[in-house]
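Below you'll find the structures, each written out as structure tokens.
Here subunit A shows up in two complexes: once beside subunit B, once beside subunit C.
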Partner chain A sequence: MRNIRYCIIRLEVTHPGQVVEISQRLPMHVNRCTGYLSRHTQGIISGSDLPEIGLLALEFNSRKQLYINDVIGFQKDIGDIPEYLDVDIPLMNGQLVTGYYLDTRKIEPKECSHKVFAPYKVSIYLRCDYVKPDKDVRSSAIHTTAAGAAKY
Partner chain B sequence: MKNHKFQQIRIRINTSGESVRFTVETDKLYAIVKAIHVSLPDSRMLVGTSLGLKINGQEVFDDAHEVRLLTCGNQVAPNKKFFHFEERIEAGGSTVEGRFTDPGNLYKAKYPYDVKVYLWLVNDPQHKR
Partner chain C sequence: MYDHLQFIQQQLGQRNIETALQQFYRLTLDAGTLYHHFYAYNQLLFLTNAEQLPVGTLIHSDCRARIIPKDIERLQGIEDYTGTISIQFPEPLEESRTIEFIQIIEN
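Then we have the complex of A and B:
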């Protein structure tokens, strides 16, 4: 049986061409990342879809493995429920997810004269599996040394 | 007895940027929560809206989990409108605690409005996705 925890990394882009560094520690109990999804969350208002607003690179296990490179876009219409990209990344306990997000939105000079760059947010969702601890752990199993010492 | 039920949870949002906690119990006659769907009055209000969910004290979604990942547009086929849980989530009178957060008055939403969260309950103990 699977136990899933969705870990969310939220990024805020405040100026054009900004590089946002990512460094977030995952919860200790998750042991495998099985899905990845990232998307624009808030801020951009556009009458059409934007195929690229930024680039994302993600490394796992404290920079030991570069696993994900992605182009982030903006979708105007609400369509299907977004699906996770299936990945299979073993996670070491409590290690960092690191990387960067680079804003690549192109604002034409003409547009700049009357429009101000609007800050926006991007969210990265990691679907992680974890193992539930057994509920019926006997106290003697935990304190084996103490139990052993009590005999003598 | 029926094998499926769509349990509705209605949440009233009164003001812009409001964050509302709710607690309900799932129907005792159904064993498993199979899927979830969130319905809002205007699809533009999906941007930045979030829903946190705990069932039986177990976190299913963080409070910052976007509603957009749990819902879809009107043109989507009925059977694909729900977000299916990949893990097994027990129903049978489980306590559902949640927090719905309105992102603020971005699209001149009319307040108050009602959010409807639908839990798809099934009765098949062998249920798999």
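Then we have the complex of A and C:
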């Protein structure tokens, strides 16, 4: 039986032009990434949509596969929930997702006059599959030596 | 002593990358250059002389982005870039600079 687990990577950008490095270990039991979504989640206040606030790159399986290069934008209407982009990435157990986020946000003249940069957050959502066993396995069935020793 | 070549070979092995050719790749940028980009697909370029670049230089590629920090001379690690690589200097170069990479052509 296949189940879904959502893995979330949160990034915080604190100064303009910042490079935020990504290095996060995925859970051991997930074995395939089937969807990807990234978006600004907190910090930027703007009266209009911004087509680009940063660039994102993600590599999977401890740098064995470069899979995602994306442009991150800002949507002023938080009611618009974007859909996951379908991907099909086999995952090796417990390997790293690595990459970077580069802030490319253009400071508006109004902000520039005050020399203010508002920190913001970006979240990356990975939809991962894992196979759930049909029924629970007793630990004594796995650790036979320990179970045998316990009898005596 | 930290051995760059050994590090590269170990990392290529860990990432299951077979090497067709390993060589030096040198890129000379003229005085006045503020921005330069070039392509390095199906290959890895390990930057070997980052300390020669001005502090604040942004190197940006498909897999990695790096801003040269103030204490670059105290760092030993080398990093790889691939795909479309762009180099953006904080100010136009006052004199020409040669940037050196170890180029790994993948099989």
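As a convention for this text, the second predicted complex is superposed on the first by the 126 of 152 C-alpha atoms of A that agree within 3 Å, B and C clash if a C-alpha of one lies under 4 Å from a C-alpha of the other, contacts with A are read in each partner's own complex, and residues count from 1 in each chain.
One rule holds for everything that comes next: a residue touches a chain if its C-beta (ideal position, glycine included) is under 8 Å from a C-beta of that chain, and two chains touch if they have at least 3 such contacts.
Note that the coordinates shown come from a computational prediction; the quantities given were computed from them, not determined experimentally.
*Asks:* If subunit A is used to align the two complexes, do subunit B and subunit C fit next to each other or clash?
*Replies:* fit
*Asks:* May I ask you to decide whether A:100 touches subunit B, subunit C, both, or neither, giving the answer as first, second, both or neither?
*Replies:* After superposition on chain A, A:100 lies in contact with subunit C alone.
*Asks:* So if I put the vertex at the Cα centre of subunit A, how wide is the angle out to the Cα centres of subunit B and subunit C? Nearest 10 degrees is fine.
*Replies:* In the superposed model, the angle at subunit A is 160 degrees.
*Asks:* Considering only the touch criterion stated at the top, classify A:8 as touching first (subunit B), second (subunit C), both, or neither.
*Replies:* Once the two structures are laid over each other on A, A:8 reaches subunit B alone.
*Asks:* Which partner does A:116 contact after superposing on A: first (subunit B), second (subunit C), both, neither?
*Replies:* neither
*Asks:* So, does A:62 touch the first partner subunit B, the second partner subunit C, both, or neither?
*Replies:* Touch partner of A:62: subunit C, not subunit B.
*Asks:* Is A:17 in contact with subunit B, with subunit C, with both, or with neither (first, second, both, neither)?
*Replies:* A:17: touches subunit C, not subunit B.
*Asks:* Give the label of whichever partner, subunit B or subunit C, reaches more residues of subunit A.
*Replies:* On the superposition, B touches more of the residues of subunit A.
*Asks:* If you've got the overlay open, could you tell me the nearest Cα approach between subunit B and subunit C in whole angstrom?
*Replies:* 27
*Asks:* Residue numbers of subunit B touching subunit A in their complex, please.
*Replies:* Per the touch definition, subunit B meets subunit A at residues 43, 46-48, 59, 61-62, 64-66, 68-73, 75-76, 80-81, 83, 86-88, 103, 106.
*Asks:* State the interface residues of subunit C toward subunit A in the complex, per the touch definition above.
*Replies:* Going by the criterion above, the answer is residues 14-16, 58, 60, 62-67, 82-83.
*Asks:* Sort out for me which residues of subunit A touch subunit C in the complex.
*Replies:* Its residues touching subunit C are 17, 19, 55, 57, 59, 62-64, 66, 69, 99-100, 102.
*Asks:* Please output the residues of subunit A touching subunit B within their complex, sorted ascending.
*Replies:* Residues of subunit A touching subunit B: 1-8, 10, 37, 39, 41-42, 77-82, 121, 123, 125.
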